[in-house]
Amino acid sequence: MEVDREDGRSQNQLRPLACSRNILHRAHGSASWSQGDTKVLAAVYGPKAGTKKNENPEKACIEVIWKPKTGQIGKPEKEYEMILKRTLESICILTVNPNTTTSIIVQVVNDDGALLPSAINAACMALVDAGIPMKHLAVAICCCVAKSGYVILDPTKLEEQKMKAFAYLVFPNSVRSVLPEGSLRVEGEPIENGIITSVTHGIMSVDDYFYCLERGRAASVKLSDFLRRNLQQQSTDSSKAG
Amino acid sequence: MAAKPGSAPVTYSPNLGQKTRPPIFKDNDLDWVRPDGRGFHQCRPAFFRTGAVNSASGSAYAELGSTKVIVSVFGPRESKKAMMYSDTGRLNCNVSYTTFATPVRGQGSDHKEFSSMLLKALEGAIMLETFPKTTVDVFALVLESGGSDLPVVISCASLALADAGIMMYDLVAAVSVSCLGKNLVIDPVLEEESYQDGSLMLTCMPSRYEVTQLTFTGEWSTPDINEAMQLCLDACSKLGKVMRTCLKEAASASQE
Amino acid sequence: MCFFPLFRSKENRLTMGLPNASGDLSTEVEVDAFRRLFPLRFYEKHLLESIRPDARPLGRARETTIALALAKIGSTTMLAAIKMEVMTPSLETPDEGCIAIDFHMPPICSPIVRPGRPAEGAPVVAKQLSDTILSSGMINLKELSLVSGKAAWMAYLDIYCLDADGALFDTALLSAVAAFSHLEIPVVSLNDDGKIVLSEEQGLSDREPVNKEKRKINLSSVPFSLTCVLHKNYILADPTAEEESIMDTIVTVVLDSSSQLVSLHKPGGTVLAYTSAIQDCIALTRQRVKELQKILEEGISGMEVD
Amino acid sequence: MEEADEMVTPGEVLGKATDLKAGKGAYAASHNNTIYASLTGFRRIQAPPPASNDKRPTVEVTGHKAHGPVPEPGSVVIARVTKVMARTASADIMCVGPKSVREKFTGIIRQQDVRATEIDKVDMHLSFRPGDIVRAVVLSLGDARAYYLSTAKNELGVVSAESSAGATMVPISWTEMQCPLTGQIELRKVAKVVN
Amino acid sequence: MVGLSVGEKHFIQGGIAQDLRSDGRKRLTYRPIYVETGVIPQAHGSARVRLGATDVIASVKAELGKPSALQPDKGKIAIYVDCSPTAAPMFEGRGGEELSTELSVALQRCLLGGKSGAGAGIDPTSLVVVEGKVCWDLYIDGLVISSDGNLLDALAAAIKAALSNTGIPKVDVAVETRSDEQPEVNISDEEFLQFDTSGIPVIVTLTKVGRHYIVDATSEEESQMSSAVSISVNRKGHICGLTKRGGVGLDPSIILDMISVAKHVSEQLINKLDSEIAAAEASEEES
């Protein structure tokens, strides 16, 4: 079935992606990420010595500070901070720099839908730029479920509001492994099928959700390729080492 | 979605009728009956239960009429970093209200002095020297404010301390008396407190027969003071018995 | 002189400390110490025997009770209360009321909460609760309207955590649902200067009540939730605070009475959730919804008896 | 000789100081020399030790729910090392004796308290690593922040440590532990197991 | 806290036991009390009171406000005490805050009477201009400049003096407009109304050291106290408020005895204070 979207995209089509790293000079690492008109800046400071209280000093601690476009932060931003923190913790190797704190500041430049996924992608790239040790990258995508049941990817703000429900999904990036095909499978599924983070809003059927997963995974492959290309091309022409 | 973030519309409670003081106090007091039909010198039946909160070292729940409070005790535990070294233990108290405790939503915040008054009522009964350098935290939450909140909190807190196994010289029982016109009414409810002429709160160690805290407001003649204090002392010793039975039941239950 | 890692011997003795084994106190003490020092090893020993330290099978939730708006799952306890106040509805929605949801963790509920600053987790749970309750469509906000464009109910739902031992969201949601199902709206009428007043209190019997028929809110498609922690290939339903603290991958599934998915929440965590795990979590939640519906009905009918 | 146990609560009179001594869970009030209970539990009378010249039996309150253990000077504790610095290592006290604490207490092991000999040659980083489990004795209540701990005895020191490979290491001498996976040897102040 | 050697402690306690205190006073005699009024020109009323080295200032500010819905026939009175860190080292940081709130609460309890306003030093109904609409709100601020014990008694005295020094501008109300509107008021700047301060109680703090109790304790003596009871007494000899400080329990009979002693002591104190206030007012007129 075909659906026409305001901006003439097909339902599985993402908006144009753009990412540039090492854009801030005082930060240890930084990246700007945009999907269509949604744009987010992320800056990484650290690892700095010492952890905050109630944090395990035997591991590296990650703190996330969310800066909205306007106004000061409320409950939604607090939730974003928590989700980002836990998502990034799960992709970083925290045992390498015990008893240190790494702060990630996320600045929303413009919100035109799929804000949290964009923020996660931005933060992830900033961590790479800062040379923080990571197990793998994370790729985040937003899937919207319409009343009539079809699913569209990477919605604009307008689409988000019109849809009955949506899901923010985060997967590990698809890996090009030197090991023989299939050796990296977990219970028959490739690693990149595992869900790092899932946040949904609005009512959908369980089948809708799994349909979202399927679509999201497909899209995450495209995103991974984009990240890989972006990293390769910038690591060649970037003066910055690690 | 229907949520309206940020926008906080002004709201009012439809049932807030003007509280005006009944005229009867002027002269013929005697045919007047209390809102809950109690005798002037009759306390509300007291219900106590220890071990209300598992996450705490000790806790207690108290219910007198519509006054309902929970007290948790934590520690003895590490004192906050800021504090300086001390050979004796520290007691730290805090009293807070739920937003729905009071008739007007979120009115409970105007009881800031309660925390320090709770501390003063308890500190004399606790053997602080038995937990040097550490702190015992006593946190109270008033679920429903039905009058005599502070006395109920104090009695409940001493039960929670006993439940936590903190060494004490004695339990602390607390009762207050309101002065309405010529009448002294014990264990007043919220309505009575709202138009009282004076009040007296007495907290004591029932077994040792010692007063740990005593406060008056309003104008009192010596005979009234004598009567009021005696009322409170008697009520406290009764209350003390109820508290002890509660502790014993809990302890013997845990024996099984 | 001879050397032995201290806890080798204890790990072997641990099995005797297991709930199913004969509880011999002399070892219990050491098990308690071992549990404190090596929580993960302690748990993995139990998981191998597919039993939890509190003697629960992995998939089973703790004992759950509801009394009025007090919900208890294990020792996690939540008290919810709704205060109805009157507001002037917004222009966009002249005949809709509003629900303001907040979640509180007072210092009494846990050793980690201190007076003064609020518990860090609380605002996040509050957000999840209002998202879930409002998006579930359990309550039709039109039912909260009194006089179109003039007056509507603002329902303040405040949930207090009285004892925190894991699965906070599940318990809070349950208490909220219970609170709404017990909610009785007073009969009110409009007085001369356009204010809403209680009919009986003001003795305005002559005045026509504006909400005669709207004394109760009827709940359509009630949401119920189950939180699970993932560890390796294990799924533990309804975790305690200890389990949440040592196994950091948490999945919360919310289904409504017609088993539609209201929310599937997995904020990060070391374990990646594969399709099968998600399916298992949803299946566990389906069972749980049935249990909870039953408990809730009993709770309500129990109230109506007395 | 024991008499029928009765349940008592704090403040209840246990007897007169003239014919009883106050044991644990009890105290004697000087002003009216009366003995009261300070805890909830059973009133027990212990006959005086035949040796002592004080012939008063001791009254105590037992079987009560005691509060969580608190470190005291002299008590043996088990702690997890959190930070290692040039002159001190800080550790969270997890167990006092065999009992685990409800909430951790902070302890400090100072360079001079790591071992009994050559205390000036001690290198903290070759004695402890973050995450190590140590058995130590409480020297003193310490300062505002922490209890002072000592491992300056054979049976005190690291009792359990993970190698950088993440395996539990095996002690091979009183200064070395070995990783069973990699065979790599790491330096520690190792505790001799008492048995 | 005052650091004292064992010898000093014994000397203080012994002196008190023999009814001859370190500064030569008997147990129940106050230090000489000095009152100075109108010390803060901007305030509607103010006074400074010195008891030995204890030195406090009280000021009264009056502002027009709206009575609370629950008590439409009463004006509002707020009492706040500030302990300047210069007064004593222990006032720095939180210590000062705690003491400030403790003193403020004690003063409110002793001077403002019960919820209905009965037994209040100042009759709150006298502050109402238009019932339910306009009233005077009194802001009473106490400042501790230097502390050598017995702050509460000194502050209460200062407040009494400040209030009798207070003049509140006369207010005439424009003819009633509508029931739901705030009426027009105009504040005169010639005519001032005085308070009747005869009903304002004094506070007598009895500090228990050993088996005896003393009035007007210095901070050295306070450091030796087991507990203290502050009792506010008015001219009629009625008790208008009471607060106990210090943790140690007291036998009820002792408290009752303390109350009767306080009543006895208060008589002289009130007379002394009134004459001092009168004198101060007089000297202010001249200057």
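List of remarks:
Order as written gives the chain letters A, B, C, D and E; numbering starts at 1 within each chain.
As a working rule, a residue touches a chain if its C-beta (ideal position, glycine included) is under 8 Å from a C-beta of that chain, and two chains touch if they have at least 3 such contacts.
Chain by chain, the UniProt names read as follows: A = Exosome complex exonuclease RRP46 homolog; B = Exosome complex component RRP41-like; C = Ribosomal RNA-processing protein 43; D = S1 motif domain-containing protein; E = Ribosomal RNA-processing protein 42.
All of these numbers come straight from a predicted model, not from anything done at the bench.
Chains that touch both chain D and chain E are the following: B. The minimal number of chain-to-chain contact steps leading from chain C to chain D is 1.
Centroid analysis (C-alpha atoms only) places E farthest from chain D.
Each chain gets a centre from the mean of its Cα atoms; the one farthest from the centre of chain C is E. More contacting C-beta pairs link the chains of B-D than the other of the two pairs B-D and A-D.
A separation of 29 Å divides the Cα centre of chain B from that of chain C. Taking the mean of the C-alpha atoms as each chain's centre, chain A and chain B sit 51 Å apart. Within chain C, residues 111, 131, 135 each touch two or more of the remaining chains.
Shared contact sites, meaning residues of chain A that touch two or more other chains, fall at 76, 201-202.
Shown for chain B are the residues in touch with two or more other chains, namely 1, 74, 77, 169, 205, 208. Chain contact summary for the complex, chain A toward chain D: residues 57-58, 98-99. Here chain B touches chain C in the complex through residues 1-4, 7-15, 17, 52-56, 59, 70-72, 74, 77, 94, 96, 98-100, 105, 137, 139-141, 143, going by the rule given at the top.
Of all residues in chain C, only 75, 77, 79, 81, 83-88, 90, 93, 96, 98-100, 102, 104, 106-111, 115, 130-131, 134-135, 141, 154, 156, 158, 160, 162-165, 186, 188, 195-198, 201-202, 241 touch chain B in the complex they form. Residues of chain A that touch chain C in their complex: 54, 75-76, 78-79, 82-83, 85-90, 165, 167, 170, 172, 186-187, 189, 191, 193-206, 208-210, 213.
Across the complex, chain D meets chain C through its residues 78, 80, 94-95, 98-103, 133, 135, 154, 159-160, 168-174, 190-193, 195.
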